[in-house]
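Chain nomenclature is as follows: A, B and C, assigned in order of appearance, with residue numbering initiated at 1 for each chain independently.
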Amino acid sequence: MSKFARNQWYAAAWLSEIGETPVARRILDEPIVLFRQQDGEVAALLDRCPHRLVPLSMGTVVDQGIQCGYHGMVFDRKGRCAHIPGQSMIPPRAQVRSYTLAEKYGMIWIWLGDPALADRSALPAINHYGDDDWELIDGGYQHHPSNYLNIVENLMDPSHTTYVHRQTIGNPAAANEGVKMEKSNEYIVAYKWLRNSKPSPMDLQIKDFGDQLVDRGQFFYFIIPSISRVDIITMPAGLEPTEDNFNKGLRNNSYKFLTPETETTTHFFWMHLRNYKVGDTAWSERMRGIFEKTFNEDRDIEMAMQRSQDEVGVRQFVGLEIDRAPTVALKMIDRMVKDEQRAGEPAAA
Amino acid sequence: MSKFARNQWYAAAWLSEIGETPVARRILDEPIVLFRQQDGEVAALLDRCPHRLVPLSMGTVVDQGIQCGYHGMVFDRKGRCAHIPGQSMIPPRAQVRSYTLAEKYGMIWIWLGDPALADRSALPAINHYGDDDWELIDGGYQHHPSNYLNIVENLMDPSHTTYVHRQTIGNPAAANEGVKMEKSNEYIVAYKWLRNSKPSPMDLQIKDFGDQLVDRGQFFYFIIPSISRVDIITMPAGLEPTEDNFNKGLRNNSYKFLTPETETTTHFFWMHLRNYKVGDTAWSERMRGIFEKTFNEDRDIEMAMQRSQDEVGVRQFVGLEIDRAPTVALKMIDRMVKDEQRAGEPAAA
Amino acid sequence: MSKFARNQWYAAAWLSEIGETPVARRILDEPIVLFRQQDGEVAALLDRCPHRLVPLSMGTVVDQGIQCGYHGMVFDRKGRCAHIPGQSMIPPRAQVRSYTLAEKYGMIWIWLGDPALADRSALPAINHYGDDDWELIDGGYQHHPSNYLNIVENLMDPSHTTYVHRQTIGNPAAANEGVKMEKSNEYIVAYKWLRNSKPSPMDLQIKDFGDQLVDRGQFFYFIIPSISRVDIITMPAGLEPTEDNFNKGLRNNSYKFLTPETETTTHFFWMHLRNYKVGDTAWSERMRGIFEKTFNEDRDIEMAMQRSQDEVGVRQFVGLEIDRAPTVALKMIDRMVKDEQRAGEPAAA
């Protein structure tokens, strides 16, 4: 029984990764080959030629699709065999599984579940993506050798910053007080407000606030089952909490797209949007460096945790108050997986 | 139940590999030590001292045989214990399995099955080996991380050349048309003739054919269970197909000796004989380079295929027309293994 | 059922290893973190935060103990949770196992069994440690990828020296004749005397003996279950065998402390004491180099033996006369483990 929700869009690759050379990527523990056909369309197939199981990713992209590097069988984007050298009859079993894809936000999104349920409108919404007055950092990717649930917990949990990231973004004063939580069917958010405070040292590097006090908001969204959005707001003190006002100061939106590779490893895609220093590529590169270092710190903890959990056979011994939001997120994922499996079962007689 | 035919000669090593230093080599999943005794005789023993299981290959060759590097027990070429330091009584269990060997063609051949059946006349026949007007390239060895059956299929299948070896010996025009097959109890051969054609570009580099047309033959022999011979003939057009006439132009004989190391890895020995450019060592080195590169291309495919097959638990999903000869070869091997096992069972009451 | 005696002191670390940075070390297959608290006391805890199983060795030493590097939970030297950031209630399960330690001979000793039985007086006795007229070489550590019983056998067995250490300390003339054995409840010793002989070449490098003949004694002690002491004596010929007389010539005491890491790997700590060339650090460094090389030779054999034993599933096929002392040592260890396990079981109704 799969431990993953399958009727979902998962980030599969950055568009920039997919060209003439096929890319092998394991997703939800299935070996998949991604390639761009000569008509520009991207395709994803099970990465195994049905003949003798050679990975198709060792082959080459041709007019009609992808050609196996061993005996030249060609499969089109639907996984149908279009050509077998030396014979005209195509055996019925000469086909491979194909996957539904979508392109959006500079990424390839993949749907591994029931193709009939794949709905482009269910692709994630990324606020301000493409807006002229927002600056984008994208192309972020890391390989995290840990079960994706460990990473979900990490991303829903602001309190680890003080300890894991003390060398990078950590702040000894940060604590868990005043954290609130809200949830819908699709997401959960943990957040807190620091009212009438001075801007952070980082904020002061970006903008001269003079004597102005600010309201500082931190929102940790998790869109079930695989997307994290951290929304950091610094806005003039006293304004109503509206989307419009949120943009009146400095705002950072950090997105992570988690794609389980196996039960113990995860593809970690990330992008970042900000409403300041638009066009300042030097600033972007500086931020990218800090993010990479920060996420590496998380990765090291997650990796050690995974090894430890593998040895013991459980994920957790004791619950803490800071676990409230992560625990809810994990329950929502668990229910999503179970609901999906129940829906996939034959109806009772 | 072994998956390998045991009552067979397998290539174990090149003679040049075996000197004063013992060589450890796993064959049919048995750890074996090969060494040359001081009287010049080569011996093969199970590579485990019966005392505490230290590999004998860590020891040294002495007058009476091989001496364990731990406590100095000495075993002769029959695996009998000839000396135990500090005691005169040799316990009955102080012995190791020995293997029957033969030397021929510059190689050590090993017999892992019933020693009573080991018959030197069953050693492979290598045409023109040692002939003055033929040039030999030998000493070839590669380690292929794949089950040897994958390699048998590869060697019986000319059609992969177009795809796997496009960077080396591949020829886009090569196809599977006109391939015929013959078999005896000992071997199978797939072959085709290209009649009244121009010599290949390679052939023209070797010899000036003028306007002469040629008949070009390609024979892919597989001598069950482990030897491949590829016989490539370019002879004046219109001659009778006799062994004598085959030698009247350019002829290449490429031999591979497959020795299963484990169920997923194979020792790949090779040698090559040609009837032209005799004594031209520069040409030989050029050919050796091309062969090494070509066999590496096969190895990469075979290795990826093995990983894929290991994950799925089957070797093949769909059969193609090009599989005809390889399939027969595999059936012959399978029958050989089963016959051998049946012969080894006690008769029914 | 553990294969190790637990109610024993094992060498855990050199004092010099344990400072402000926590040290992860697996002992008897338990992951353990060792650290020195700010009051100077050394502590050892199970190396898993009970929250999400992150190794505590990734954390930092703080006033009250060690702080997990993920969410900042603090555990004191008894494994009690002293602090959880963001909450005042300490859940009962928020604790980790702690281990009893002792410091002696520049080492940390650890007791993994019943803490009530941990007795400092049971710490090993190291002769002449700290004596002014003896010179110490300490800090020795190697990782031996082999079950510790293989190493026990090696250390109880002088006869392997001729073969394993032929490049270093080996002596072709060394043999097993005249070896005697004695045992008590705590230790076993195999020994032999070479009476009225010339000093060894090594001894002659150290001291001018003139025409004096010597008695040379070699004592291989094994203190069950984990300590080897090799006592090499060169004393004027004809003296009574008293502890006093043993010190009247040249004497070397080589100690090894074996601490099982897992069932197939062992921590190998060593130190050496001599009653000559006191204060000669150049001589000490020379000896250290020879020891390291010699122990590496043992390690290579032990590692290969372990792989072979793993494959076969047994440790030994045939017994030799040289096995007499090692076999007794292994039986004593086996009885110690069984007695301990029986004592740990509930009394029969």
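In the analysis below, a residue touches a chain if its C-beta (ideal position, glycine included) is under 8 Å from a C-beta of that chain, and two chains touch if they have at least 3 such contacts.
Since this is a predicted model, take the numbers as computed values, not measurements.
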Practice task
Pick same or different for copies chain B and chain C, depending on whether their interface residues overlap by over half.
Solution key: different
Completion exercise
Field rot_deg for pair chain A/chain B, CA superposition, rounded to the nearest 5 degrees, holds 120
Problem - Separation of chain B from chain C, taking each centre as the mean of its C-alpha atoms, in whole Å - result: 49
Practice task
Can you tell me which residues of chain A touch two or more of the remaining chains?
Solution key: none
Fill in the blank from the handout: In their shared complex, chain C is touched by residues of chain A numbered 150, 153, 157, 159-160, 162-164, 175-177, 300-301, 304-305, 308-309, 311-312, 314-322
Exercise for the section: Using the touch rule from the top, collect the residues of chain B that touch chain C in their complex. Expected result: 31, 48, 50-55, 58-59, 67-73, 84-87, 91, 93-94
